[in-house]
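Given below, in the form of structure tokens, are the structures.
One chain, chain A, links the two complexes that follow: it is found with chain B in the first and with chain C in the second.
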Partner chain A sequence: MTTSTPAIEDARGQGTGSWLRDNRTLLLLLPTLGLFLAFLLFPYLNMIVMSFRNPSTSQVFAPGYTVFNYFDAIFDEDLYYLEILWDTMVFGVGTTFLCLIIGYPVAYHLARTKSRFQNLLYAFVLSPLLVGVVVRCYGWIIILANQDGLINSTLRKYGIIESFIPLMYNTFGVGLGLVHIFLPFMILPLLGAIQSIDPALEEASQSLGASRTKTMIRVVFPLSLPGVQAGTVLVFVLTISSYVIPILLGGLNVMIMPTLVVQQLLDAMLWPFGAALAFILSVTGGLAVYFYLKFTSHFMKGIA
Partner chain B sequence: MTKLTINGLVKRFGDVVAVDAIHLEIDDHELVSLLGPSGCGKTTTLRCIAGFETPTAGNILFDANDVVGLDPEKRNIGMVFQNYALFPHMTVHQNLAFGLEMRGVAKTTMDERIAKVLETVQLRGLGDRYPNQLSGGQQQRVALGRALVIEPNVLLLDEPLANLDAKLREEMRFFIRHLQKRVGITTVYVTHDQAEAMVISDRIVVMFDGHIHQIGGPKDIYSRPVSREVADFIGLSNFIAARVAGKDGDGGYVLDSPLGQLRCDYADSLDDGQAVTIMVRPEAIRLEPAKPAAGTSNAIPGTVLERFFLGNIQGYRVTCEDDVMLQVQAEPWTEFSVGDSLWCVFDVERTWIIRD
Partner chain C sequence: MTAAVPRIRLGRVVYLGFITLVYVFLLMPLVIVVLASFNSGEFLTFPPEGFSLRWYVSFFDSESFMGSLFYSLKVAIVCTFFSTILGTTVALYVVRFSGRWREHLRLLILLPLLLPEILTAIALLFFYYNFDATMRALGLDMFVGLFRNSMVGLLIGHILITLPFVFLGISSSLYNFDMALEEAARSLGAGRFTTFRRVTLPIIKPGIIAGALLCFIISFDLFSISLLLKGIGVATLPIQLFDYVRWDYDPTAAAVATVSILITLMAIALTEKLVGLRSLRF
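And then the complex of A and B:
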């Protein structure tokens, strides 16, 4: 035993040799760090730099730097860009709220069911993720299309409606797609949080005279807040940055920040202005999430 | 205060009968434990009383009111759970206030009652702590306080001490015992720990496989078990197969066993020739080097197979005729060695009969 002790210490890298040898577990971070630098941090910095460049009509950007890209976006006379930013945030909050309302009962049921089909139900929740976003959007288009979509043509065939109900290329269509596609991202964190709540707490609440509804409001929901927090942030961030779903189900009728940014970059070729808009979106979203986390953590005292 | 009556309670889960037609009456002020191995139906019985399980058949009466079908929140019960089930997002004070809020108690009355209960469970000054800032014993007392502050009809405890360490567990037994006597509340206490049940209970209900085998005080259960399971579950026992030979003239019986004729005090009537099991507790046996003069004791010759020292007792395993092995707990200063021939002597009145 005595002879093997130094070898063990050495293997742990304690107290011998260089800093790197002492902290060699940090090396495990390298691949991730590399990916982050190459594909997140560097493009971000690049984008920030781009947003301060002078625009050009013939090139991607002209020489020199300016703050007018931001000025134009924020102090536009019609508040056009800020309005779109506002709409984007409303879309984010709305989608998040709907996902929470729809997802919570599903997550609760899934967490508490003793059915032997629990795994199957779990697979149902995950199954939308198995099909690509684009495919699912086209699926919705087949169902929702305004002239000859499944719903409109069926209703017309049976004479229930004369012309057609506008189901897509509007807020409704985009909202439907967003909620449907991001729902699993709400349910999964909620499921984890609710599963970690001891069912005895619900029984304790009932034994103290609380009805099922009161137990839900006073015990289950507050204790599931970490999951609510994670799910809402996830869906919110995904929504305000989503491009494919709004463009396919809303076209250019539903203008939100990502569609606007892509329009500036690809159609107008205004890379610096587009970059500024993208950065404004990032900062606004980031601040919203920051204050939301600060606010909600007030209600999570005592929860590990 | 409430008298609790359980009448023909049956609970099935699919094909499994967890509780099979049990009858039980628990008086005002009484603390009754349900004792048995896991899966014996004791927890299911408790959960039926609480309303978390719906009985397949039978009634549960709080005084004269059948509570079967009533939601748990309408039964006015106080329940303490094995893992305490304190609300982690509420302070001690908020935990205690929860049940009172549900009953619409006014704020000032509520604070008074909480202060009083905190005093009772010796947690004064800890009202602002969160459960994760308390020790296991303190959490346990918060759980008790939370169940008592609502002044329930019945107090239900589900293995409340199982998660505490041994020392604290013994202290808490007395704490709960005193508390229950002071408050005077009808209490049902579920445990698989026989020592806990014996310390704490007025009466013990011993359950196996959904059936009640015996109801009685700690001494009854220990000295006069009605079934081999009960004798086996509570303490250590020696069993000797025997057959009734006849009355002994002193109101007891003479029995034929492979170890010779043994006598036993037993009041119930037995038929001659009936097969029974004789039970002797290890501490009832004295070891003697020579055969004692015939008197009021039984004596069996044997050889020491093993000895072990437990501090408060000197344990022996003694082999007798017919491969019968007797466990003996002698006084710690007895000094027999392995291989010694000796006599196992036990009083007729400490010899008990279990009917097979």
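And then the complex of A and C:
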């Protein structure tokens, strides 16, 4: 970085003299900036507007504006929508927690191993991430399916069970799928954080008499907190906005917000209400992440 | 001290055993899909019934699956082309010329990664609909359906999602760039463009290649965006597969999934061979 700073200033110094050269470098930016303004920022603003539109039975929305989309969702008599929101958050926190306790030892091992298979193990962590989510869910369907899944049919073949164990179309199946699919998103940030900790610190701690466990708890874990923070936020956000996994492994028995939103949009054709639900989910998720970040940053003073 | 040795060994066995189990857990569904695709029976049991290629025959005979496979490849290739060019140019701008706007621009370009994909898909769906309505109201009928009834709308979604990955890879290789190399080229008389072509480009090439291949893989597997933005009557491979496995457990889907895994593996192997897997950045 230090070597590049004067050069950047040099390049910019030349630029301020001539408008032409400034405009030439802007050509690098403008296509992407235009794309992002027109097809990302504007559509999101448009979606906020949509959530205040009047509902319609014949079209996707009617002229005029209302706040009742939000009222209907929040003050529903049976608390139907708030309950689904709560379930969504529970899935988010649960998946995040499980991914953290399963992913941490794996990330630590991968960061510190001197095995010549390290690259292969890294590829193992990475490859599920790169295979499409539908394919991975389908793999779980073959294994878990209630009637003829690999587990149930094998157990039945050997007479261990008579009918079947419900492994899918319930919370268990969805939870398993979520943990499996988002685990790499936890391991990778943890890996980066642990790799940046100097192993000499662990040796120092142990040579001063701390046990392995104590070294892990008092030295390694606190220093890896930035990775923990990044990984947990990533997995939480991905979980509360996941659509494919709950649908394929939960069917309609497990209803969480993204499923509900897509149902409102594509099946019920209630776009304003769907948009309002999507915003309630985003605001809740956003607030949860915000307070979590504030809370965890408190423990991270002095690291990185 | 001697008493502690067996205890540590036991702990180590448990630790390594646990890690092995997690790797098995991570890879199991992929292995199972491949096994099921070669299994002769309708359902996979343990031990498998026998070897057969019938599900591949059924896949290659299926017009809807083959059509969506080629459509997906087409979308992924076009998306990679545009994302790589846009990602490279914008990374150059942000790292070299953006000055005090650098952090704002970085955040804007990374936004599709930070926002839930399904939400971006919904926002684009509304936007395309409103675009059509506005065009109709203005009497510009030739623009109606520009995004909804063609590959363009879907492609824009794919480009938005994949561009941050290309950007991350290339901007990090630009940050590690030794500017003295460019200055040397310039002081030896090379023009701006020659310097870029002969000095800068070769050095950031690994970042570009890794970004492009990652972009291809992500676009090929993208689901939510495609679900909401695909035109009428067409489907990408993940969508076709999704529709199929929701109602049918027929292992034809396993053959499709295996081919899809194979395409991804080829892209990963190519990345590893050309630039090393570690150049992939998330």
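In this section, the second predicted complex is superposed on the first by the 268 of 304 C-alpha atoms of A that agree within 3 Å, B and C clash if a C-alpha of one lies under 4 Å from a C-alpha of the other, contacts with A are read in each partner's own complex, and residues count from 1 in each chain.
Going forward, contacts are C-beta pairs under 8 Å (C-beta built on N, C-alpha and C of every residue); 3 or more make two chains touch, one makes a residue touch a chain.
Predicted model only: the values in this text are computed from it and were never measured.
In the superposition on chain A, no contact is made by A:Phe97 with either chain B or chain C.
Which of chain B and chain C touches more residues of chain A: that partner is C. Applying the stated contact rule after C-alpha superposition, one finds that A:Arg218 touches chain B and leaves chain C untouched. In the superposition on chain A, A:Lys301 contacts chain B only, with no contact to chain C.
Of the two partner chains placed by superposition, only chain B is touched by A:Ala204; chain C is not.
Of the two partner chains, chain C is the only one touched by A:Asn46; chain B is not. In the superposition on chain A, contact of A:Tyr70 is made with neither chain B nor chain C.
Against chain A, in their complex, chain C makes its touches with residues 8, 11, 15-16, 18-19, 22-23, 25-33, 36, 42-46, 86-87, 89-90, 92-94, 96-99, 105, 108-109, 111-112, 114-120, 122-127, 129-130, 156, 159-160, 163, 175, 177-180, 182-183, 217, 220-221, 223-224, 227-228, 238, 241-242, 245-246, 249, 253-254, 257, 260-261, 264-265, 267-268, 272, 277-278, 280, 282. Chain A makes touch with chain C in their complex at residues 1, 3-4, 7-8, 11-12, 15, 25-29, 31-33, 35-36, 39-44, 46-47, 50, 60, 102-103, 105-106, 109, 119, 121-128, 130-143, 145, 148-150, 153-154, 157, 180, 183-184, 188, 212, 237-238, 240-241, 243-244, 247-248, 258, 261-262, 265-266, 271, 274-275, 278, 282. Within the complex formed with chain A, the residues of chain B that make contact are 50-52, 71-74, 76-79, 81-83, 85-91, 98-99, 102-103, 130-132, 146-147, 150, 156.
Interface residues of chain A, counted against chain B in their complex, comprise 198, 200-201, 203-211, 214, 218-219, 222-223, 299-304.
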